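Here's a structure for you.
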């Protein structure tokens, strides 16, 4: 069996600048935040992403499919269902997949107007979390 | 039981620029350093944060509560009790929680005047550290 | 035996800006993306790097040798065989080595024209992945 | 017993810009690269740092002491014995400590002239590496 990664990932840091603030118009240099997901396995990965906030109950799940042997750089900016991600608001995310994947968190911030980048491999959770019934 | 994360986290890198140096005034683009904490569990997390320095004994604990199913992006800039975090001083931090959480370290540096970002999932310690009696 | 690291590493985030966009001409400040590989052991490391994309089958392997007791900062920009890495395209990578190594992912983005940096230790996979027959 | 961290750490990415290039003169904003070390334990940590290069044998060890309950942000720029770290040269580092510590890698690059930052928790090695006899 092919297994590379984990089924649970957490990203405590999340923040989308107010509006699409950017000195760089639209496109690749617009401020954005992404969960880069690698599914190196031979089965499609069905992800459920839940967002956590400072002052209200979690929102989700947001459904994302990453096909077998593919990567998908999921932009939180693009989320619409069940609701868009609020701007200028601290949030965090938990990603649950039905097959192992690898997740890296990246933000490109172009408010300045110069570009700033951050990135880190997300935190891989143990499968005991799945016993929760998610 | 819901468990996602660890009870012990370490962030060796810590540094607040002198004063609130910033070309961006106050608000979201002020230089700041944060421990982004995700509590995905069903019990409130009571955190005790201890700061380590180069040339004196540790300071703390700073008490922080992250409610169940919430995230809190804790800014070291805002610490006051037992004392504010000194500026222009290397420090490090250890976070002890009574329930598992996930911690990500982020700094936004806007001294330049352009903005720079760094971020990494913090280091998760083993629970054997808790035997210390903290 | 000397062992430091893992034989499998994953980097979900990959992106090369269109063309060699740079306000800094050629050389150290050209936009680039690297897998920095440390082989602290006493045997040469033979790496096979596979690239994953959003909408087509993986490409590779790209062969790289990191001699014993050496580091090599492998730039994805320089890949040519079996084919160059496409520009302005999301990708991910999996690195398989025949001896343990340590991998750190770094990108220098100088499109802005200011320079932005990101870096993270890559994700170390378990050796069970090797059973796949790669 | 107090134990937080590991005795072996690796940082595959290392690079000091040519000379002390900086638009920010000397001081906190000079380009620099650091291994931020936290010793949260009750015994002094004696570190031996070895540098690895692309085309010659490793150099070291560089000796560093991090006292009990202290942090030290070790700048590679400051190394002199057995020799300074060469500029504009890819390198990597392995840190061996006699007691557990936590290590985070940070670079501030101010060549641009704008400031860029990167940071990641270093890679913690298993103690089997110590059997090598270092």
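Each chain carries a letter (A, B, C and D) given by its place in the written order, and its residues are counted from 1.
Rule of thumb we're sticking to: contacts are C-beta pairs under 8 Å (C-beta built on N, C-alpha and C of every residue); 3 or more make two chains touch, one makes a residue touch a chain.
This one's a predicted model, so the numbers in the text were calculated from it and none came from an experiment.
Trainee: Same residues or different residues where chain B meets chain D? The copies count as same if more than half of the interface numbers are shared.
Mentor: different
Trainee: Considering chain A as a copy of chain C, what rotation angle in degrees (nearest 5) results from a C-alpha superposition of the former onto the latter?
Mentor: An angle of 90 degrees brings one copy onto the other.
Trainee: Based on the averaged CA atom positions, which chain is farthest from chain D?
Mentor: For chain D, the chain whose C-alpha mean is farthest off is A.
Trainee: How many angstrom lie between the CA centroids of chain B and chain D, rounded to a whole number?
Mentor: Once rounded, the distance between the two centres reads 22 Å.
Trainee: Return the distance between the CA-based centres of chain B and chain C, expressed in whole Å.
Mentor: So the centre of chain B lies 31 Å away from the centre of chain C.
Trainee: Among the residues of chain D, which ones contact at least 2 other chains?
Mentor: As it turns out, chain D has residues touching two or more other chains at 114, 116-121.
Trainee: Under the stated contact criterion, what part of chain A meets chain B in this complex?
Mentor: Chain A reaches chain B through residues 8, 10-15, 17-18, 52-55, 57-58, 88, 90-92, 94, 105, 107, 109, 111-112, 114, 116-123, 125-126, 128-129, 131-132.
Trainee: So in the complex, which bits of chain A are touching chain C?
Mentor: Per the stated touch rule, the residues are 1-5, 28-29, 34, 36-40, 69-73, 102-104, 106, 108, 110, 113-121, 124.
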